[in-house]
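First chain A sits with chain B, and in the next complex the same chain sits with chain C.
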Partner chain A sequence: MHERLSFYVKRDSLIHCLNPLTKLTLVLAFVWVAFLTPYYWTPHLEILFGIIPLSFVGKVARSYLNAAVRIILPAASFLFIMQGLFQPIGSEAFFLFWFLHPTRESVMFAFANATRIFVMVSSFTLFLLTTHPSELMSDLTRRGIPGQFAYVIISTLQILPQMQAKAQTIISAQRSRGLDTESSYLKRASALFPLVGPLVFGSLVEVEERAIAIEARGFTSTHVKTSLHDVPDTSLDKAVRWFFIALALIALALRIWLS
Partner chain B sequence: MLNHIKKDFNTMTWVLIPVAIAINIAIGEIVVLLKLPVYLDSIGTVLVGVICGPWAGAVTGALSNTIWGFAIDPNALPWWPVAFFIGYMAGRMAIWGFFKSWWKVIVTGFVVAITAAIISTPIAVYLYGGITASGSSFITAYLLQTGQGVFQAVFSTSFLVEPVDKITTSMLAFAIVQGLSKRFIARFPRPENVEMEGGANQTQLYIAVGVVVVLVLFAAFMLRNILGG
Partner chain C sequence: MSIINLQNITYKYPLTDSPALQNINLEVNEGEFIAVIGPNGAGKSTLCYTIAGFVPHFFKGEITGLVEVAGNESSKSSLHEWVLNVGLAFQNPFNQISGAKYTVFEEIAFGLENIGIPRDEMKSRVEDALKLTGISNLADRSPYSLSGGQQQRVALTSILVMHPKVLVLDEPTSQMDPIGTREVFGVIRKLSEKGMTVVMVEHKVEWIAEFADKVIALHNGSILLEGKPQEVLTSDLLTDKGFGISRYTSTAREAKELNLWKQKNLPVTLDEAVEGFS
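Then we have the complex of A and B:
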């Protein structure tokens, strides 16, 4: 119950050793290029020659492909189908069915769009699989992000599983006393309060105690805090970062130049 | 200006934010479990905006979507500006005194909904080409078929869907605030935002609860009509 909520898979690989900021730059550059590129096939090539090989380099290919097939692919396919059928562009329809008339243009558009979303979601997934949240936060804090933000993110990741467990307990408890959560709309809508009430009030009670506890540990102190855990930032990291920033700029330049 | 904002971020605020984010996500999941046709995934954001000020609400919203994206569903990530402005607007309205009685909260909910619709439209259009991965996109798709422009179709959809959701959200946040003790609320930066007009009374709470049920039923009715017809 006290486990943290994260995708992180502990492995010993080149990608795991990179600085979190480097990985973040890489991910953002991937997304940036996918959305700004003037060439149609760039996002598709990014997946084939960027994201999938990187998941093998990071030794997280199995978890990544698992997530891709179970979560990302269904969402992207849904997007593809919806846009392919409903985008009102192009004139010549492949086939007519009821009021649906997918055209060549709309299907091409939908394919590109779904792939872009796929690139966006999967590069973030890859980032999360190879980066521990605390590592990311301690690195960002060292670089000048206020410690309070790190506190919010890390403690949310801790509170969330507890809260979800608490919600499950409340649902079972209310059901066992006969609360109807499955029949008509009216019943379900009014079941909202007996479920939300205890959850919210129960968790707000802890707020005050927690505030006193972290206040006593110097939460609002403005002194620079030292860290026990050191996150390495090598020259390779810097090189990789500049490479991807350059790549992003090239994509932007091409976009402006070619259009 | 900056000091003015800083005053809203005391330790209680920073501790409330993670809890509020967890509330957003947990209630969002309860609503899915109950199969209600609303999202209700920003109750915590509105709550923080109201009792800790607009910027605290904005931070809660933005971080909420970021964490939701990073921990549960990466599709939630690009929508963080929407959540940011939901929190900000809720806080602003509360400062203007629109969180002090049940009908004013309805106004707040409506204003928040319009804000959300305005902010989410460009994201939906530029990032997803108008049709997103959410269920309400069926309405957008339908409107696109009738010959409306992408912007217009997306905005009309949000305009149909958002008010019911955001008014319900604000009402629930209102009911929660009414249920908290005065001593507890006084520890946050802006307790004066939720001082009831004419003193606290139970009737307001019952009205708030009633409005939520009516709105959820209305949403169900609307959805059935749109999908059926």
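Then we have the complex of A and C:
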């Protein structure tokens, strides 16, 4: 299970070749436009003519659509139902049931929000699928983000699955000594205590050792860091970035103009 | 010429009452291979941290005495300069993996990236280091998918690639099988023959007898014995103070009482024992 610690799918595609910053700009522009647009149909256009085609261009359509159908769509639907039912706006209810009274406004609002969230999560998924974390880190450090900051982000991404695995080991160890994890909720809740201790304290000790280990490898060195990976930044990258920045500005202008 | 020079070192960790190291005097010559032995809590790791600069720069606490490596004084240097001269690898390999890299190759390049080595030189240095420790075949694997022994080799390689003058190793073979141990000892001996100074904490006394130039026995934070492996490892003092000793030594000692061991010196390794009994 440790073999796969990132979402990255290795493919040879145009999207994979883009600079990480370009892809990040693209993602942020998508999200920005989805949230700022005055038209409710913009997120649909983004999904139909932006995200889905891009997932094919990036040759990760299978992984993306899989995630979209299994995770993103259910989450967005849940958001839609909750907000549609409980958002206290509008006056004319479609129907009344017990204390639920969805109105035209609340349903529209919920729909717009759900599609925005869908765009947001989808574009980040696409980003993670096509960007190698090491390349992202190299590129961001090269552009002047402090090494410590980049380290925190990237190591968190890796350490979470390890913590999960360790928690599982501790649970198995405690269960083999008779810890009850399957009866009533109260008992299970009290069973959490002997699990949390080793996990938290163990992690603290690990942090110290890891700090020593990276320090021993010159982590706080005052030299300008170099990077193993050459992350190209072409004129195509710059063009794409400016295009999406312009698009984001247009969305902002429309928003101001129309409201 | 001595490359490591410790004079009268006494050190206390913060929030503790008794010193972890007491009056340590140690001189190591360039290219020497020193093994450190001792029971739990004897101060072996603290000694390693002191030579590697983490005591007192990382752990704080009170230190008195002089620590000098390659002509520099620890108290006058900062840790990030110090680690360029002294490489440290320790026991738990899992925590020595940076956690920011996805392949072994990247993992080993991490230190070189930090100290600003140009890309081409970095690649050739990583490749050489991988070859040296015999893990070229792991280069594209994720460091977390490896076994404990393999991770230990990665940890060792990622220090060696920095080309330190002094190598400090705190039980670097604790998770390795006998074949892995032999290979790693072989690598370390090769480096030591090329002139690298090595200080190594190790419990496997038979290996020490075969490879080390000098053995230091630590007990309660002070040096109990210091000398040639053969002398130190067969000393009666070790058994009294709870050190782990070679089974060949203890067998021969019993045999000596029964007048079955006729040699002057007790054996440490199997070969010596076989020779002595035959």
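As a convention for this text, the second predicted complex is superposed on the first by the 255 of 259 C-alpha atoms of A that agree within 3 Å, B and C clash if a C-alpha of one lies under 4 Å from a C-alpha of the other, contacts with A are read in each partner's own complex, and residues count from 1 in each chain.
Just so we're on the same page, a contact is a pair of C-beta atoms (placed from the backbone, for glycine too) under 8 Å apart; a residue touches a chain by one contact, two chains touch by 3 or more.
Source: prediction; values computed, not measured.
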item	value
Room on chain A for both chain B and chain C (clash or fit)	fit
Which of chain B and chain C A:Arg217 touches, first, second, both or neither	second
Partner chain in contact with A:Thr169 - chain B first, chain C second, else both or neither	neither
Partner chain in contact with A:Ser134 - chain B first, chain C second, else both or neither	second
Which of chain B and chain C A:Asp230 touches, first, second, both or neither	second
First (chain B), second (chain C), both or neither touched by A:Phe86	first
Chain touching more of chain A, residue-wise (chain B, chain C)	B
Partner chain in contact with A:Thr181 - chain B first, chain C second, else both or neither	first
Centroid geometry (CA): angle chain B/chain A/chain C, rounded to a multiple of 10 degrees	70
Touched partner set for A:Val121, first chain B, second chain C, both or neither	first
Partner chain(s) touched by A:Ser155 [first = chain B, second = chain C, both, neither]	both
Nearest-approach distance, in Å, of chain C Cα atoms to those of chain B in the combined model	5
Where chain A meets both chain C and chain B, residue numbers	5-6, 133, 151, 155, 159, 162, 206, 210-211, 214-215, 219-220
Chain B residues touching chain A - in the complex, by the definition given at the top	9, 11-12, 14-19, 21-23, 25-27, 29-31, 33-36, 43, 59, 63, 66-67, 69-75, 77-78, 127-133, 137, 140-141, 144-145, 147, 172, 175-176, 179-180, 184, 187, 209, 212-213, 216-217, 220
Chain A-facing residues of chain C, complex	49, 52, 54, 58, 79-80, 83-84, 87-90, 92, 94-102, 105-106, 109-119, 122-123, 126, 141-142, 144-145, 155, 158-159, 162
Touching residues (chain side chain A, partner chain C) in the complex	2-3, 5-6, 132-134, 137, 147, 150-151, 154-155, 158-159, 162, 206, 209-228, 230
Chain A to chain B touching residues, read off their complex	5-7, 35, 71-72, 75, 78-79, 82-83, 85-88, 99, 109-110, 113, 117, 120-121, 124-125, 128, 133, 148-149, 151-153, 155-157, 159-160, 162-164, 166-167, 171, 181, 185-186, 188-193, 195-197, 199-201, 203-204, 206-208, 210-211, 214-215, 219-220
